[in-house]
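Chains: A, B and C, in written order; residue numbering restarts at 1 for each.
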């Protein structure tokens, strides 16, 4: 009983900051958009049928899953060595290294864009080096397109991947790696045969979390996509603030939310199954 | 390699841990003949596990050398050392079956695929687990896991078998059985082995040689009887086996005079001065009223019974004497004299001069 | 709804007294600075009313505020883009207004009147221009299609629909190639050529800043802001009204339906549309005046599309019609223009 009382403020905040706007959003998604673009109060599923019947929506869903799926996978793959290194460090360094790994979270989206511009831009570091070496004579576009967004998203997801992996790998007994070594396995075989299989649940958890974050990512596709990258989050923004079609924007937001909830449930199921197996 | 040269030789091994003032392992040297079982015995933090890990290659010594069969392995990484290690927590691979765990080592040693299965199963049979080959570690009891770990370590026919507190995770009833099994297997296979323990009974029961360690140093390296009967240092005398402590001054002729006024004969050749002597409870004899001390028992003390602790086979009598509190342990069944005694009863205790283990006072 | 709004307006005669407070919702930044100095402050001094400035962001966000406050409006006057204002008008969020109620409307340009669609009229004219880096481009460009020069690969920023600049550019090119701004087919080939040079279709933070950062050499922009950037950059940014033509972006001024200070709000609106306020704001920020009687200095007039030289280039664009075609244009851009070079 007292537990419930203590949870009340948090529940209240959640209700006000999350559920109420969500209910409003759902209500708006049921309104009608007239021929001239004005919003008419109604209770209709027109926006949903219009969106689901539009092949562009499905393209957006494909784009979104493709982008976040690959970015999340690369982020997790790159986070794994980092997490293993942090785990292997002495306790004195571990905290500092973990802090460094998640430090990018403290940098704003705009600051990141400036940084990536200096690296990936037409006059950026990579292009300058490529030209100087003589490999290219015209700049290769690595920003303001899918490549840029993928790189930017991967970078912004990596800290989360590191955090999830650190939590997951914490339960991985380092004696197992030592045991493999004493049985004659070199570092590579130990990694492939012991570390990797045992890290699989953590890798999956990290991938699912970063996938969800990637799907809902807005800033990176918006800032680094150069108007060439169309995903659900940017389209919701366009519908709401450029086309001013609120019912469609709200309906798409509800679809996205439904998809994310489905993914979280999936993640919960995976966790539950792993819990049962262990 | 000559037959007389040791199979394992440690030379002046040193290992510090960052931030620690004293070295964890401080210039340890020892030799172990082929086929022998060495116990590294000591309290926690004495450096015994660090020594074992350095032998396995899991930690690097700062200086010193490790030789196996005359070959210097100090610089070799663990996967090139060909040593079977049984970890305290067993460290079985949870994603592999029992036979998979054993076959993993064979695979890493380059054993042909066709040979691995039969050899892994044979190793499991050796430890009496042939019926559990397809079980995952979590489906096995602690004792079974322990035996899989042993089978895994032995299957690769290691140059050296290393066991880190192999029995500590087992419950007391299992421990003795597994202890004897390990010893029997090791002797049957002729494997040279080192095991770490803080349990003196385990060390004495299993080992051919015991190295008693304290604060990073080997206090004594000897056969179990020698360790128990003739401890080289005061630390060994107190750490291995129980003993009553008698304080006093050693006088000419090896007579120990206690503060309580007793004069005890000893076999000590120490110079005169303050000393401490230790007396094992099972060495002390209880004399019947009027009974003369048996031949050779030069020391007889008048005493008063303080406490009687009966544990079935053994009864311990704690007595106040002029030499301090001395405990006598008697076989409860064969020696009936104690039954008459109540706390406060007068009694007489006898022991040999050689039973007193005398060391200079610290 | 509108009837109710009208009633409410007359039901608050007290608001007409000196000393009422009017809340104006419109753009922030430079617009706010110049509008406050050129229009609001003189109004406050003359009328005794106070004007509270509220800038939630874009026109769409202003519309959002109006929708959210429909039951209890906190804003009295709103200046926003005509496309969004048309939605607000259709949804009954702003009042209809006639010259009978507000005589100054008779002085307002016909196109600006039409832009209001029965609700408030246009209060500023702006138009699409091309901006370029005068350091990098010589001689000065004259046409939008100069952005298609193959030497400019990666050096151009074009704003794609649904952004209004993209819609307007499309309409201008369609108009230039056949006379009908609705005919998207005539615009696509030229757009593809320009798109092949595009560094970005969504300049961040805006085209002028990207030019100043040496990231691009060409961009589209709105005239008023571009003129100011040009002055501030001491001519580094060049502003061109291209030969293909231009089209107006119009901001309309509206009384919010249900405003509690309707009388003062109308007084402010009348002032904002007056010749002197229009002159003051045009000379400060180069938005074209919608009041035809405003006497603009020749220097300022040269920087707007009202100069005789440029007036002929303004194509007739119907924003109601645009609302109908824009979704199709969005899709065509995404499928054919943006992907043109990748």
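One rule holds in what follows: contacts are C-beta pairs under 8 Å (C-beta built on N, C-alpha and C of every residue); 3 or more make two chains touch, one makes a residue touch a chain.
From a predicted model like this one, the values you see are computed outputs, not experimental measurements.
Undergrad: Of all the chains shown, whose C-alpha centre falls nearest the centre of every protein C-alpha atom combined?
TA: Chain closest to the assembly's C-alpha mean: A.
Undergrad: Quick check for the class: compute each chain's Cα centroid; which one is farthest from the centroid of chain A?
TA: Farthest from chain A by mean C-alpha position: B.
Undergrad: How many angstrom between the C-alpha centroids of chain C and chain B?
TA: 91
Undergrad: On a C-alpha centroid basis, what's the spacing between chain A and chain B, in Å?
TA: Between these chains, centre-to-centre, one finds 56 Å.
Undergrad: Report the inter-centroid distance (CA atoms only) between chain A and chain C in whole Å.
TA: Measuring from centre to centre gives 37 Å for this pair.
Undergrad: Please list all residues of chain A that touch 2 or more other chains.
TA: Where chain A is concerned, no single residue meets two or more other chains.
Undergrad: Would you mind writing out the residues of chain A in touch with chain B in their complex?
TA: For this pair, the touching residues of chain A are 90, 173, 175-176, 178-186, 189-190, 193-194, 197-198, 278.
Undergrad: What residues of chain B sit close enough to touch chain A in their complex?
TA: Touching chain A from chain B are residues 18, 56-58, 77-85, 87, 89, 91-95, 104-105, 108-110, 138, 152-153, 156, 162.
Undergrad: Sort out for me which residues of chain C touch chain A in the complex.
TA: Within the complex, chain C touches chain A at residues 58, 60-61, 63-64, 67, 83-84, 86-87, 90-91, 153-154, 159-163, 198-202, 204, 214-215, 320, 323-324, 326-327, 330-331, 334, 338, 342.
Undergrad: Would you tell me which residues of chain A are touching chain C in their complex?
TA: Per the touch definition, chain A meets chain C at residues 34-40, 56, 113, 117, 121-123, 138-139, 141, 144-145, 222-223, 225-228, 230, 238, 240-244, 246.
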